[in-house]
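We call the chains A, B, C, D and E, going by the order they appear; numbering starts again at 1 in every chain.
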Amino acid sequence: ACGANSDPQSVESSSAPTGVEDSATLVVGSADFPESQIIAEIYAGALNAEGIQASTQPGIGSREIYYRALEDGSVQVIPDYTGNLLLFADTEATAQSAEEIMDALPDALKEESPDMNIAVLDPAKAESKDALVVTQATAEKYSLTSLEDLAKVCGEITIGAPTTFQERAYGLPGLKEKYGCEPAGFEAINDGGGEATLQALLTDKVQAADIYTTTPSIEENSLVVLEDPKNNFIAQQVVPLVNLDAVSSEAQDVLNSISAVLTTEDLISLNQAVSGDQKQDPKDAAKAWLEEKGLA
Amino acid sequence: MFEWLTAESSWTGTGSIPQRILEHLGYTALAVGIAALIAVPLGLYIGHTGRGRVVVVSGAGILRALPTLGLVFLFVLLAGIGLMPPIWALVLLAIPPLLAGVYAGISSVDRTVVDAARAMGMNELQILFRVELPNGFKVLFGGFRAAVLQVLATVSVVAFISLGGLGVYLIEGTQLRDNGRLFGGALLIALLALAVDLVLAAVQRLALSPGLRSRTRKPANHRRRQPSPAGLAEGTTA
Amino acid sequence: MDWFWSNTEMISRLTALHLFQAVVPLLLGLLIAVPLAQFARLHRFAGGAILGSSAILYTIPSLALFVLLPVILGTRVLDITNVVVALTIYAVALLVRSTVDALNSVDDDVRQAATAMGYRPLRRFFAVDLPLSLPVLFAGLRVISVSNMSLVSVGALLGIDSLGRLFMDGLYRNFPTEIVIGIALILLLALVLDLVLVLAQRLLTPWSRAVKRGGPKLPLNTVEARTAAG
Amino acid sequence: MIRFRGVTKSYGDTESAAVENLSLDIARGAITVFVGPSGCGKTTSLRMINRMVEPTSGTIHVDGKDAAGITPSALRRSMGYVMQSSGLLPHRSVLDNIATVPRLNGVPRKQARERAAELLDVVGLDPAMGKRYPAQLSGGQQQRVGVARALAADPPVLLMDEPFSAVDPVVRSELQQELLRLQRDLAKTIVFVTHDIDEATILGDKVAVFAVGGRLAQYDSPEGILRAPVDDFVAGFVGRDRGFRHLGFQPGAGVPVHPVQTLDPAELADPAVPVQGGWALAVDDGGRPLGWVPASSRETVTSPGQLVPGGSLHRRGESLRSALDAALSSPSGLGVVVDDNGAAAGIVRAGEIFELIEAARLRRGKALHGSAV
Amino acid sequence: MIRFRGVTKSYGDTESAAVENLSLDIARGAITVFVGPSGCGKTTSLRMINRMVEPTSGTIHVDGKDAAGITPSALRRSMGYVMQSSGLLPHRSVLDNIATVPRLNGVPRKQARERAAELLDVVGLDPAMGKRYPAQLSGGQQQRVGVARALAADPPVLLMDEPFSAVDPVVRSELQQELLRLQRDLAKTIVFVTHDIDEATILGDKVAVFAVGGRLAQYDSPEGILRAPVDDFVAGFVGRDRGFRHLGFQPGAGVPVHPVQTLDPAELADPAVPVQGGWALAVDDGGRPLGWVPASSRETVTSPGQLVPGGSLHRRGESLRSALDAALSSPSGLGVVVDDNGAAAGIVRAGEIFELIEAARLRRGKALHGSAV
């Protein structure tokens, strides 16, 4: 790799002090897709409701970027997903189940940021994991219900997914290793399983697509989520990723209280509100949810 | 970076560097080609007649502000993924420099030369193609070079949504935390841009009439600098 | 449109940020490019190197530069400085060329006359060369200011706030309106900034209007040729 | 051949007309010069002939046909056009520049180039220059190429707009002589624009003097204009030397040429060879004059470097103007006459030239006013 | 005042020198003209004086001081510089252009502007023009402003590089006269470059003729150059009219002026007023000549429109050149002499003028060679 530059935080930590206690307001960051923004708004809303000043910094980008934002003190809290976070911190990790992953995370994070106190709090039940999805028609045509079925016809289908799907452990390498599936084609679509991916699927440009399980369009379009018996797609529970030095224990309690109630169904309906026809603002959707749950 | 650049896997199979370079060049050629079909005739027309100059030139100027990123997203949302939606965004990117180059090239031709051609009995088309085009070629081609480079660099942004090309390495490099791939990709794009520009510069030299090259006999104190080739002056957007 | 009215606060914040990221590099670029261009004109050899390397700088894809800069500068990832520095680099790369052209556009006879009157080089530069190069310089500046408007939005890919955020958001939420509003606002900003530049030029070059009103016509063609194509 | 009738041209954005009610007949096979101060409409008038400018009103007939009825490009190909800036196509070689109009007329490239090479010779340029590009030529050479180009399609009409005014005086006068020489052979109908009255009187068979505002002030032979300007404007424009200039139109043939004692280099070197009369003319081996030897200093003047420099030379067949100038500029008062080879052929005396001038004036006076004094 | 010694200038990229071993003394308070064909090094020589060009070898002294030892900008401010293209700063008003050098010298703006306004008047421009920009002036006006600007700091030296060659002949001659008028009052040391020998002889107290290759061919008074060019190059450059031009340096004072019969408008209208002798001169109420009435057509010529047009006029105090031209151009053979108001003061006869020319030649000959015939 590129010499000294390949280790960014050595530069980061020296120039940007980790503790940001002096600023009274907690900044909750989010990744650049709506679901992350919604959860961030929920965190911030709940914190504020408890009298802990919090603001949001939405759309920071991919994990590589928002993680560094966390390191350099730009944000103190960020919602994340357990499985991908672990793979990010430890590219070699083999953990698959939710528990294994939660067990492995602390060490991995310590290793990723040795000088800092970055940790995950309690994970929520809510899970938003990658899944290969096909249309009803395709499912019927090849009688598909699981990835094992897909493996038999892999040679005829094109998979649509983000560019990185080609490299990730759960991506093409995983499909090949676990199911022996080598698709005929791959179409890179970097919209996080959004509209463009959906359109590609519906217009048969791709026959299977990587779409998060919390995406409302799955239900709306009666798409079939292929089962994953060999746990290729690892658990992805929603979890607050925090800088412990900057987040007080009261604040941690608030965040954990959110994790305690947030479910996958909540995420689907929240996504529906924000990205569906309603186009609700993430902040408003979060507020409505908090009120509904009596958290604000 | 050198590890990645020298790894065998980078150079073979799908997604290999040669394939990405070809994709990159292909998208560029397609976008610039379509843009040229639109901008060149229009530029020739207003350059020659001076008609609609203000509207078209200032319109093309504002077109430069059109954010390619937004256009790509918009087109993809409206038309779905595929080759053409991003290409149309690139076409819009290439039109302003092309149009400006053609227009400015044609109207930069010494009016007395055009006048002399007309006095010799050339008709308007003959004047345009036999006099204005060869004489304005340097500036005109400068606009073309600018357009090519701009598109070449912006193709990397387009990779973000769905196309291939060298931009893929930037996305992968960022998301997979592979700095070697990131910097290597950036380097490849820069090198490709330089190489393409060198080739275009050579083409320009060959195509330019020798009569427009040598200024040697004019004494220095009467020498007037030529408008510099637009060349790299416009560069890239991505 | 409803969306626009219910999000005016965020939109105006993004617009302000966008404008900031577009304008500051333009000004910084100008401050750096003018002395650099003059240096390049005076020193043939160094000049070639400066022009050549500015051309190379411009081939670095902006996406890569945005990612690289925090590493090089030690700035925070989300720091707006990254975009400002990156766009300043591009602005310098572009402006050096067009400033050289602008300075070359000054009638050599006028320059000679000024020298013959006993101007020392520095004073002549500010009193004669620079003002007279303004029409061409502004033409270049206008092109760059407009394309900067478009460039700023790329920062959004990396989470740096600008109107480009509306594009990301619009894409993920399948919300074309948001993208269209983003594009429209960017065009509007570009128009406004262009107008400001035109006005500034009018104020700074009163003599060029005098030429248009009466007296012999300037060979406008050449000025356009220099600038229109970049 | 070319006939202006009531031609007026106003450019949209000016109040006064550039050319005002111009009626003028331009003779076939002659050089007609338009002369006048800057901005008086010379160029405009010229360009109306080949429809580069369209008249606001009035008609122009070329060879009996209304120009307005001829396709502009065809009309233009039937007329050569030469202008001040030469207007050569910078991207084409000299040969290809000259071949332009024949090529437009469909002449095959090879043939057009051959003709172009001939024309280079006609205008006095080295054929090797054919391969060069216009930027590689001097101003005078460019003008020659411009003339060659205008001649290439052998058009009956040549329009020339200040073709020589960008070159320096020496080259200019060469070009003028060349044009006259060419015209003797070609007998084109030439319309020539200049603002130099000297050039106008040297070249023109007829001269049209334009006044500001596009008015034709006088249209006459150069001699007529010099002798009798119709008004103060023309008189002022013609300038203070018109007496001398006018002499240029009086043939010098009648001036008596007297023999003169010449000393060849050998004789000059020998102080024993005496000078008879006041002055002897030293000549080189070819008989060409070198300078004067005054009788009073015969002893000391024995080499060419010591000679008293001579005046201007009067070539046989030239006008009274050059004869008188030769006499006036000579230190001996004797104007040297040379033959076509430049060898001294005798001398003329100012007094005798003056008598001839006087006699001519009286003849003219008698013819015009029946008066003589 | 300005002294060139062995000055050579080669530009890097050419084989031959632009100026070759030039030694020359330029006198204080006089106009020295550099003349020669294009590219012969005139501009280069001129610019070496104010160090716009540095000599390759040799020295230039200005007022006894080696120019190489003076700071260039200071040296330049002590010299006005005027060039062909006027070189006015397009972004400054006329007044501010003129005030440039005083401002550089630290004169307060207000004072510099006042002086500039005065200078506008000195060069014959309307003070209202001060507010305009250069582009709003005609070529001739721009040149006047250029001269005013050069004069603004009242420098002892003026360098002028073809200042009048871009304007048309009529304006040019006005500007020349103006410069001479100015110089009578100011007595600057002026170095003036031109390629027009006429201009050189009109303006120069001394003329330096440069030959191609940067060689100084002759350095003499204009009269000396016209009378005795040192070699064929100079003779050729001086041109064929040098006999006439040379007359321009012989005072016309000695020419006998004879009375002439004049007819005022009333007398002209009355055919009963006879013409004595062959011709009578019709004049207007102010006595200014209108044209000639030949005795033979007295009856028919009764209004100004019918007069025979006159020749050029000889103003009292002008040279033999104008006297002879007046006589030669007059239809009556009588050259009209006018006084400073333009009123007819008598006539001169060509024969008598010729005698004077002859006498002057003999005087010169005697002085130079002790010979006469």
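By definition in this document, a contact is a pair of C-beta atoms (placed from the backbone, for glycine too) under 8 Å apart; a residue touches a chain by one contact, two chains touch by 3 or more.
All of these numbers come straight from a predicted model, not from anything done at the bench.
Both chain A and chain B are touched by C.
Taking B-C and B-D together, the chain pair joined by more C-beta contacts is B-C. Averaging C-alpha coordinates per chain places the centre of chain B 54 Å away from that of chain D. Separating the centre of chain A from that of chain C, both taken as means of CA atoms, is a distance of 39 Å. The mean-CA centres of chain B and chain E are about 58 angstrom from one another, to the nearest whole unit.
For this pair, chain A with chain E, the centres built from the Cα atoms lie 91 Å apart. The set of chain A residues touching two or more other chains comprises 5, 65, 191, 195-196. With touch defined as above, residues shared between interfaces to two or more other chains in chain B number as follows: 76-77, 160-161, 174, 183, 221.
Counting partner chains per residue, chain D shows two or more touched chains at no residue at all. Only residues 37-38, 168-170, 195-197, 226-230, 235-237, 240-244, 246-247, 277-279, 294-297, 308-309, 311-312, 322, 324-333, 350-351, 354, 357-358, 361-362, 364-365, 368-373 of chain D touch chain E when the two sit together in their complex. Residues 50, 52, 72-78, 81, 83, 85-93, 100-101, 104, 133-138, 149, 159 of chain D are the ones touching chain B in the complex. Touching chain A in their complex are the following residues of chain C: 3, 6-7, 70-72, 74-79, 156-159, 161, 165, 168-169, 171-175, 177.
Contact residues of chain B toward chain D in the complex are 110, 112-113, 115-123, 126, 131, 134-135, 209-212, 214-218. The part of chain A that touches chain B in the complex is made up of residues 1-2, 5-6, 62-65, 88, 160, 162-164, 166-168, 186-191, 195-196, 199-200, 203, 205.
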